[in-house]
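The following pair of complexes shares a single chain, subunit A, combined with subunit B in the former and subunit C in the latter.
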Partner chain A sequence: MITMDFAYYRPKSIAEAVNTFQDLTLQNKKALYYGGGTEIISMARMNKLQFAAVIDIKEIPECNVMQINNQKLTIGAAVTLTKICETNLFPLLSRAAKATADHTSRDKITVGGNICGLIPYREVVLPFLLCNSQVILAGKEGQRTVPITQIFDKTLKREKSEFIVQILTDRTFIDLPFEFVKKTKMEEIDYPLVTLALIKLGDEIRAAVSGLCSFPFRSSRLENEINQISVPLQTRIDNIMSNLPGPILNNLQGSAEYRDFVFRNTLLDALAKVGGAS
Partner chain B sequence: MTAEEMTIIGKSVNRKDAPEKVRGAAKYTTDYIAPDLLHAKLVTSTYAHAKIKSINTNEAQKVPGVQAIVTAEYCPGIVGVILEDQPMLAKDKVRYHGEPIAVVVANSEYEAKKAAELIQVEYEPLPVVNSPGEAIKPNAPLIHENHGDYRRLKHVFPEPGTNISNHVKIRKGDIGKAWAQCDVIVEDSFSIPQSDHAALEPRNSRCEIKPDGRVIIYTSSQSPFIVRKLISRYFNLDEGKVIVNTPLVGGAFGGKAAVHLEFLVYMASYAVGGRMVKLVNTREEDLIGSPCKIGLEAKVKLGSTKDGIIKAAEITYLVDGGAYSNMGVAITKSIATDCTGPYKIENVFCDAICVYTNHPFTTSFRGFGHMEYTFAIERTIDMLARKLKHDPLELRIKNAIAPGDTSPSLVGLTPSNIGNLKECLNQIKKLINWDGGRKVDMGNGKIRTKGISCFWKTPSTPTDAVSGAVITFNPDGSINLNIGPVELGVGSKTVLAQILAERLKWDINKIHVTMEVNTELNPVHWKTVASMTIYMVGRAVLEAAEDLISQLKSIGSIVLRCSPTDLDVADGKVFLKEDPNQHLDVTEVVYGYKYDNGNSIGGQIMGRGTFIMKHLTTLDHDGGKGVPGPGWTLGAQAVEVEFDAKYCTYNILKAVTVLDAGKVLNPKTAEGVVKGGMSMGLSFATREYFDFDIQGKVLNHNLRTYKIMRFGENPQYIVNFIETPQIDAPYGARAFGEHGIIGMPAALGNSLAAASDTDLNKLPLSPETIWKTRKEAAQ
Partner chain C sequence: MFQVLSKSLIELEVNGEIKSIVVRPADTLLFALREQLGLTGTKDACGNGDCAACTVLVDGWPVKSCLMLAVEAVGHKITTIEGLKDIPIQKAFLDKFALQCGYCTPAFIINSHALVTIHPDANDEVIKEWLQSNLCRCTSYEEIKEAVKWVLGQ
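Let's turn to the complex of A and B:
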């Protein structure tokens, strides 16, 4: 039960959503864009999140698109992870979606909500980072389309009034060979110790990671190391581990020391599979 | 009666509670909604050990809809079941994270929660006792400064000036001389964490006080009759005026045996002039605020001859009873009486000590401490086997307890009270394809191993625990079986109906069992715990059946003009043995027999049966001699794993239990109960534990981080029963409601220790723990 009082809005258009946000801001009310609500509800119930209003974007038509058109896959921010898995237009994304939470939660969790959430893992962002997807954001200044790699740095750097409308992914990327590995403390349905997503473009391997640090990331440094095929694998991995973008996460799911161990082996195995070992 | 003649015993009769449960129509305590119902919400401690400097309720009082706020100053005193040591609401200080401090009563749950959030408690942190080992250190902070003054309600031995709430000693044989006979000695330490029952239905209660003074309580409980007793005792009420109702319960596992929320909801109702108040734990509150499962630290030393005959056991069990003793002190005794596991060991020296810590307080949990100590014992047996270079299964067979031996508390064992462990081991050897416990390298970095564990348990009931049964008839000749145990979801009421159907040779569909419990109407049943329902209530049901038969024969003898001994009863008829055609239909006599001219005789036929435990004794404090329970149930369990040697991850492939059930009354429910126990044991062994920070706060009291094995993660379960009858039990059936859990962590631990070549002495057995232990051992 949530004891905090808040207003609930369900706009039918992008403009209405943005205007609502603006109105609330002018009244000094903190508003949150709302997708599946799994995180907002559970945090609000525990009094770990304060807000005056939520703006539910699930009835905005553009946010519910899931289709391939003109060689682009368009995914609306309000598409649920269950739908991602069921339609399976983007196999790597399906894997990342299916690795998130349990089925009941995936019926609610949306693509946009997962990417913009507060939880450290947000594994759904990994495939988009690897595919240089484009994010369409709507805000008080109108809409803009930005490469996700440009605006995702630990979190999605958006203006306060902005929300994700859609994510566009070039069709050529979605069928690339990939590897997706999620390692957990004990059971399949849990937060990750580490999640590693790899795709292969010709000889180039791209990698994105969740669970290792307190945020998901794709780093050019890591990819440079991975792709230096001439360097012994063990050396490359040592180099990667000493140049991580942040400290290794240490929490209930696993100690930093154990995550280090698991990630090294996961990377080793994954690279062997996609042909990046030597 | 021979097995062939039994008509309903041994059949998988469908559970009588099944139709409404599978259709979602079953009603549980908290399903009650009414317009005038008030709602209570707890304020709980955010510290594990702290002085309460002040409680400010000013802001909370202002919340619209708030009716009352109850704090310790309105509480009558401290409560307990064995040792009185627990304030109903924390008074002056808090002793565990999650301890209730105040109760807010409001018109709605929303308003109650809102007000509860506004209550400001000012704490002054105190040093924390964060493990049993810390609790017994000479200068450990005292959690109960004056516990020598606490009233002792039963046989319990707290040690004033320490954190020890009970100390039970087992002294069997001569341990000093025994070591000299031992060629091989193994010794190690073990640690098993606290965790929770995590039943699907969180604990909840509601209460109203009627204008005539009757207190009506509805509660999700295993012990409605104990609720009546304690509410009456601590609020100075006539027992007959306290009426406790328990409908179906959505999982209990021992966690609903304690009386806890009932005190709080009574005070809440009292504070609002007796209006009905409902108090429901959130999952977070339920995990730590209400009583949890004990933790255990153990030191085990075993000695054997070079031939593998175990001669000596020296054991220390430190039970983490948490902040209040509740049932922790009784679990300690139960651990002591069965301390060696089911092995013939002539010399035993065991100290079982229950200590206070600043952890959640503890009550019974499936197995009553046996799962925990069995992990320590059975791991040590495997270490002994390794040192002796013996097959661990053969070593167990060699030392298996048997009739003619004595238990640690010197009870003489017979086929009836102990059963046949060797046969269980022989069977499990085949079912798990033991093959000497050989390690199989699968060639892909995966290793397959098997681990084995024995288990035993006798119930630890009061020596005067009672039960009863009343049978009445409906005009159509169908029967109402009125009994007092709670249906916890294991189908025991159905099995009790089977027992009655068998004895009366009656159609099971014409036997209606009271599903809900009402202390005003049902005959008393001590508590629905200790796997004792079938044994205790079953005996009362059989006695009631005899009573009923004799009444039917008595009136039948008048109408049919013969001696009662000429008659038999079956299928709703009283008939002449030599000529069943000469009969009376029971419908003609159940409310009296009426002659053609209107004259009537007899009257309503009602059967009554009672049961009380016999020959049980308390334990002698110096040496631990005594009779803890009416009999043991034992068996063997095995687990097969596939271990990934690189990551230290593993899959549990198969889990097997062979249990001496005495007599299987309902095969499907029996199998279900044992499998449920196995699943719970594996869940606990692999992932369930409380993670405490250095301040003693629980870090994982929600189901995102407190993990429970999900459906689909289970291995293949195989359950087999052997049947050595327990003569004094209904149709020979032994108690085994809890037992499926007991050996699971040990069997898993033994298989993983073999796979990883590592001594795994801590639970849970997470891959990280195995990795870390293996790494430390290598250094």
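Let's turn to the complex of A and C:
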């Protein structure tokens, strides 16, 4: 049971959502944009999150789009992970969605909610980082389209009044060869020790990682090391581990030492599969 | 714009009937179904989205009612275990002995019914993926899988 009280708004348009957020802000009320709401409900129940209102974006038509047009795949922020998997327009994203939570939870978890969540893992962002997808944000200053690689640094950097409307991905990326590996400690359905997503763009390998640090990331230093095919693989992996963008996560799912061990071996196997071993 | 600012009267469509209930916006669908409508077949267990004992159908898809606000369900069709009558999966659960203590059974039936309805040609991988959502501490997993396969085979 959630003991605190808050108000619920369900706007039918982007403008209505932003105006509602602005009105609440002027009244000094903290509002949260609400997609699937699974994380918000869980945290509210544990009194780990305080807010005065939620603005449910699921009835905004633009947030429910899932289509390929003009060589772009458009995915609305309120599209559920189940719909991503069932339609399977973007196989790597489907794979990442299937790695998130369990099937029934995925009927509720949305793409936008996962990317903007507070948990460290947020695997759904990995394919978008690899494909240089564009994020359409709406806020009090209107709408803007930004490459996700520019605004995703540990979290999605956005103005308080902004929410994700859609994510656009160039069609040329969505059928590229990929490798996606999620390692858990014991159960198939659990938070990851490490999750590794690779795509191959010609001779170039791109990599994005979740679970290794306290945030998902795609790192140019990591990719530079991976793509130095003339350097022995073990040396490349040692260099990668010396240049991570943050400390290795150390929590109940796994110690930092164990994650280090698992990630090295995951990388070794995955690179062999995509032709990046030698 | 639909909005609920404080404790209010709302209408939910549950098992084909329109029900009027008074809820706070912070009340979960699980709470509303059990405490306001007396539909106690939807079980309250972990309350945290881990066990799925509270699974109901929302527009035909299984959803954990502990992770959905009651106000969020306005405008959607809710089906609880009380709304499923004489369906093949119920008979299959009995015939295949797919229950022991029975606490998780309503949610397993709800989820299994959705599975065989949405994916009548489900293979082993799909069955596993769907059933993995629910926990059964008596570990009737094999029998539950057999019950689902029996319905799919009909």
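The definition used in the following text is that the second predicted complex is superposed on the first by the 278 of 278 C-alpha atoms of A that agree within 3 Å, B and C clash if a C-alpha of one lies under 4 Å from a C-alpha of the other, contacts with A are read in each partner's own complex, and residues count from 1 in each chain.
The definition used in the following text is that contacts are C-beta pairs under 8 Å (C-beta built on N, C-alpha and C of every residue); 3 or more make two chains touch, one makes a residue touch a chain.
Keep in mind the model is a prediction, meaning the values are calculated, not measured.
Judged by the touch definition given at the top, the superposed model places A:H103 against subunit C, while subunit B stays out of reach.
Of the two partner chains, both subunit B and subunit C are touched by A:M1. Taking subunit B and subunit C in turn and counting the residues of subunit A each one touches, the greater count comes from C.
Within the superposed three-chain model, A:T20 lies in touch with subunit C and out of touch with subunit B [touch as defined at top].
By the touch criterion defined above, A:D190 reaches subunit B but does not reach subunit C.
Contacts of A:Y9 after superposition on the shared chain: subunit C is touched, whereas subunit B is not. When the two structures are aligned on the shared chain, A:L201 is found in touch with neither subunit B nor subunit C. Once chain A of one complex is fitted onto chain A of the other, the partner contacts of A:G37 are limited to subunit C, with no touch recorded for subunit B. Residue contacts after overlaying the shared chain place A:D56 against subunit C, while subunit B stays out of touching range. Shared contact residues on subunit A (touching subunit B in one structure, subunit C in the other): 1, 3, 102, 188-189.
Every residue of subunit A that touches subunit B in the complex is listed here, in rising order: 1, 3, 46-47, 102, 183, 185-191, 252, 254-255, 258, 261-262, 265. For subunit B in complex with subunit A, the touching residues are 109-110, 113-114, 117, 284, 646-647, 686-687, 691, 699-700, 704-705, 707, 709-710, 713, 764, 766-768, 771-772. Those residues of subunit A that touch subunit C in the complex are listed here as 1-12, 16, 20, 36-38, 41-42, 44-45, 54, 56, 59, 82, 98, 102-105, 107-108, 188-189. By the touch criterion stated above, subunit C contacts subunit A in their complex at residues 1-6, 24-28, 31, 47-49, 52, 55, 58, 61-64, 66-69, 71-72, 111, 129-130, 132-134.
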